[in-house]
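Structure first, then comments.
By letter and in written order, the chains are A, B, C and D; residue numbering begins at 1 in each of them.
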Amino acid sequence: MKPQPIILKVLNVISVLLFLAALGMVFLYAPLEATMNYVQKIFYFHIANAWVGMLGFIAAAVAGVVYLIKHDQKWDIIELAAVEISLVFFLIAIAAGSIWARPSWGAYWTWEPRLTTAAILEMVYISYLLLRQGIDDPDRRARFSAVYTLVGAISIPITFMSIRLFRTIHPVVIGTNSAASQGSFDMTSKMLATMFFALFTFSVIFVNLFWHRIRLGQLAQQVEQLKLEELQ
Amino acid sequence: MKPQPIILKVLNVISVLLFLAALGMVFLYAPLEATMNYVQKIFYFHIANAWVGMLGFIAAAVAGVVYLIKHDQKWDIIELAAVEISLVFFLIAIAAGSIWARPSWGAYWTWEPRLTTAAILEMVYISYLLLRQGIDDPDRRARFSAVYTLVGAISIPITFMSIRLFRTIHPVVIGTNSAASQGSFDMTSKMLATMFFALFTFSVIFVNLFWHRIRLGQLAQQVEQLKLEELQ
Amino acid sequence: MIAVKKLVKRFGLKTVLRGLNFEVPEGEFVALLGPNGSGKTTFLRILASLSRPTLGEVCVAGYRLPIQASAVRRNLGVVSHLPLLYGDLTAEENLRFYGRMYGVLELSQRINEILELVGLTSRRRDLVRTFSRGMQQRLAIGRAILHDPEVLLFDEPHTGLDQDACDMLDRLLREVAGQGRTVVMTSHDLARVEDLASRFDVLSRGVISASASCSTFTVRRWQADMDRPQTTDHRPSSIVHRRSSGFLNAIGAIVWKDLAAELRSRELLSAMLVFALLVILIFNFALELDPLTRRVATPGILWATFAFAGTLGLNRSMAVEKDRGCLDGLLLAPVDRSAIYFGKTLSNLAFMLIVEVVVLPVYSVLYNTNLFNPGLIVVILLGSVGYVAVGTLLSSMAVQTRTRDVLLPILLFPVVIPILIAAVKASSGFLQGLALTEVMPYINLLIVYDVIFTAVAYMVFDYVVEE
Amino acid sequence: MIAVKKLVKRFGLKTVLRGLNFEVPEGEFVALLGPNGSGKTTFLRILASLSRPTLGEVCVAGYRLPIQASAVRRNLGVVSHLPLLYGDLTAEENLRFYGRMYGVLELSQRINEILELVGLTSRRRDLVRTFSRGMQQRLAIGRAILHDPEVLLFDEPHTGLDQDACDMLDRLLREVAGQGRTVVMTSHDLARVEDLASRFDVLSRGVISASASCSTFTVRRWQADMDRPQTTDHRPSSIVHRRSSGFLNAIGAIVWKDLAAELRSRELLSAMLVFALLVILIFNFALELDPLTRRVATPGILWATFAFAGTLGLNRSMAVEKDRGCLDGLLLAPVDRSAIYFGKTLSNLAFMLIVEVVVLPVYSVLYNTNLFNPGLIVVILLGSVGYVAVGTLLSSMAVQTRTRDVLLPILLFPVVIPILIAAVKASSGFLQGLALTEVMPYINLLIVYDVIFTAVAYMVFDYVVEE
């Protein structure tokens, strides 16, 4: 395993600094929201995590398609890395969303389209991991995983649409204030700035983690290789 | 295959005669019931079929136990014969019961303990046939079938008890008239005589059919034997 | 006839074939020897176009793999240690099915010839399930030469046969090979093949490590030819008339095969139906449905029942293909892979619809509700199409995994949730007599799902079945 | 040491062994040759007490089969072509498990000896799943001699091994056999065994058709003895200390093995949990649960979820035993069959309860209902016990059928309906805060069911696993 390249090391530092700055902005710069008070601070992390989850989700689907075209094990590693990151960040987003929603909805969970779709996405990814676990041959594992990522990626937007048709009481955050009773609030410009900064920060963190996870995957592959050589 | 023994031939004739006599009693001797009119005639067949189904059910369980003790293929044939007869007669009983119940319940089906238990019994027996179909080795097929008959035989009374606890609106036929609104009626002595004659007739028919079905099973076994010899 | 240059095959990190060179001239019978685990089967699967070479050139019957796979398949017959036959079809029906997949013309006459050749004419109407291992293997050889291929591949055809069956098989192999065909046969047992082959190659550690020709062969071969004067080394190529098996033709053959087998065994449909009824029973007791709740819950119960019974059917339908190697049999046919997908999808859809057609009136009687509604029929059709389109794709994956007992519903349910939602809403819309405009969004969603997923499955099915 | 007289074995109408006579003196190594399908495996399974003789006398290690099966099993080691090892346990854990099943004392020391002997000391902490076929087979031999049996049976141990692994295996077999043990080994290949055996018997058409002793053997054997002076023909019987493996001990070993394997792979629990959540999701969308209906429907949804997820878990739990021949491994141990039943039942119960423990709070959060109720816990425990008691019995049957993909729920659901009814009613009674007297009939029904079905399953389990 080669040592971490310089850019990655720099990225590590930038990620930490940006994260600290984002923390500062959320708690010191952004104003306190009137009705929800400090609980509203969670909103920034909820959005940012969901955003990163989305990035990972798209990256996984792209890696899947590329794998099916190129048949190169590398893309399987990338795909798995993206799925795992997406899995974790969506989970945090769902948890944060639940905590944030508690005061406005009176419950930790509502069957609201975005939340439910995120939960179903989690299920898709856990099924993905179970699928991988059930296949020993690495080629077949990579092929089937790529196909399943693709199927999942196409099904998730349709799932969202269908649940949206089914029912919706999610706060409409940016836009009219008509749905105030359902937990929306007015975004001040400071809040907006904080939100975008959080999105940017988490995107950088995503790239950083993604890189680390891919390196870990390559390392795991090398270990497998060494074991195999020892066997022969 | 030996020709039918004399007793079986005599039984064939007796069965037909008894059946004709029973038909005559039901339609000519037994009085018309006041509220339900001719539909009530079905009652006799309903009861008689259920009775025969029960006989077959018990015979199957006994044959299963004997098979497990003796490991003799003969008892497997007997068990299968009993199950098939029971399956058919319970089905007729359920259908007759539905038609009979239609005017009193206003629907062909109610989730009433006896009816529902009979339906579940049908499911057990269909599962039994599917189990047999899925096993090629005749020894194992016989063993597993016997075990499953036994499990079914024990589960059915408990099922009946639990559904009875759950809900009950079945007509209480013999006894008080309090449940009149639920489809019960007064049994006159003529009706009672007809009912018992029907029960007796169908018991004889059961023995006759059982015998025939066992002979058929033995025949099938001989065919299998011949095919096997041809193969070797 | 077969030319392999520097063939490398890796499974992930494990290299099985390491730059293998191999050549077989037309009409020769080569025995490929090697211990268990030396890669014989992998090599033969590559020659058979079932597995992709990682590197190197592979030419079979004058065509290159994997690019001209379809042309290779037309000229290739394969016998493996699995029979690649359907147990619930008769000998004749099996041949008829494969004949249709290969587009063999004058099929009935050809089937008679083949059955005569393999000595199964008297058993032609018996189910293959009832055949002994030796008879199955003879029929498998009949299947392999049905379309009169130029190249034959035998992968340890003697596995699991007793002495008599082996001798009978050898006679048949000699006869079949004697008609000027090019043959490669693997074995781990030299004694087994020394009477048959004209050359022995030894495969060891991923390359051909030794090669020897058998001098006595020519004499024997010549004698064999004397016995059957009609065959020559350059055999006439027009004994069997074939046309390129059409796309629709292949789909039709697969659907016919599935329905014929099911009509006979009825095990898939009866399992689905019994399971569906059990699910309804369980719902009844679990939800304690009073008439009011029932009206609201009916569409949900119906669709949950269809979904659960559906996975059972999909699982079994694919397991049947996998267990006796029949999936390989389908993949060996010179038809587009998507024809296989559509064929399986259509038969799965047929099973699902049959179950639904039976469940609906039963449910109506049991719960005293009227479910006969043309709108509902449309919803059921649309919903089933989407469910089966994804389900067939995912079940072909699930059946190839170690955890196949449990994987299908786990893979399938998260991605069919939109179908279930839309189908439930649309069904309850129709049953409650809502205006069509209120139901249309769900119908549209179903149509969108059906179209998108049929297209996606069509595109990726190749990756699911090809190694 | 082994004496078989006039042994007949029929499967239904098919006679496999036709009055076979066979004798092996103490310390001799007999090779049993015969073509595939001649009944070698059947014969060895009878000697191994896995299959009942139809007629005739069978004595192994001085005890008669099938009456003294338990005593025979104590003195018997078996290696088949399946490894009889658990892929998700390490080499050491596999040996530890079997050691506990055989009641081997000073087990850790014995495991070290065995690992040393089969050359796997360095891989002792690796999962058997990652072993090559040859390593698995060596460990399988280690497992067979772990309890220092007097008689060893090898059923084609070379199947699927490459040349190197075969040679290594031969060295190991010679060493193991050289310690004065009586050995019977089947093979369809004379060359494979001529260096090992002192006598060759040929099994053909159900009888021993020929027998020949190998004169060179004595010399070789003598040389082998010279190399390892500590072994004698009459070996000391006290090398390995054993106690009769107790009933509870065996149950504990099985439960420990299942939990340890699951802790590592987590595939069964994660599959059950994901499936349970998916079922809840589907119910949510299918039934459109408004808060009012939800309160009534909660117990039903919970139990339907448990029932569906339960079949998945039962299926997988038994498939794991069946797929690598491990069920045979369990049956070979000198413990009562009912210990196997109770062991599997307890681990299945553990899996089911874990799933329920996770599902309950998740359901509480998702539907904003409080499910923490001591009464409910009791109901769940009682319901799960009954469900698993029947489920374990029926899944051991289902896994041995051709239609194992679909059969379990079909067999199980009709007979567990009373449990589901009683559990739903009792659960909703507790959740709605009814008086205990109203709930008690259902609790009693659950207890009756649990007691009766545990007793019945205990009595009939023998018939499900023994041929």
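Definition applied: a residue touches a chain if its C-beta (ideal position, glycine included) is under 8 Å from a C-beta of that chain, and two chains touch if they have at least 3 such contacts.
Bear in mind the structure is a predicted one, so any value in this text is a computation, not a measurement.
Steps from chain B to chain C, taking the shortest chain of touch contacts, total 1. Centroid analysis (C-alpha atoms only) places B farthest from chain C. Mean C-alpha positions place chain C and chain D at a centre distance of 32 Å.
Chain centres here are Cα averages; for chain A and chain C they lie 39 Å apart. Taking each chain's centre as the average of its CA atoms, chain A and chain D sit 43 Å apart. Among the residues of chain A, those in touch with two or more other chains are 120, 123, 127, 130, 133-134, 136, 166.
In chain C, the positions touching at least two other chains are 267, 271, 274, 278, 281, 285, 403-404, 407, 410, 413-414, 417, 421. With chains as nodes and touching pairs as edges, the resulting graph is of another kind, matching none of line, ring, star or complete.
Inter-chain contacts occur between A-C, A-D, B-C, B-D, C-D.
By the touch criterion stated above, chain A contacts chain C in their complex at residues 68, 73, 120, 123-124, 127, 130-131, 133-140, 143-144, 146-148, 150-152, 154-155, 158-159, 161-163, 165-166, 221, 224-225, 228. Per the touch definition, chain D reaches chain C in the complex via residues 35-38, 133, 159-163, 165-166, 189, 204, 267-268, 271, 274-275, 278, 281-283, 285-288, 293, 296-297, 299-301, 303-304, 307-308, 312, 315-316, 319, 403-407, 409-410, 413-414, 417, 420-421, 424.
By the touch criterion stated above, chain C contacts chain B in their complex at residues 129-130, 132, 265, 267, 270-271, 274, 277-278, 281, 284-285, 365-368. Interface residues of chain B, counted against chain C in their complex, comprise 98, 107-109, 111, 119-120, 123, 126-127, 129-130, 133-134, 136, 166, 227, 231.
Residues 11-14, 390, 393-394, 397, 400-404, 407, 410-411, 413-418, 421-422, 425, 441-442, 445, 448-449, 452-453, 456, 460, 463-464, 467 of chain D are the ones touching chain B in the complex.
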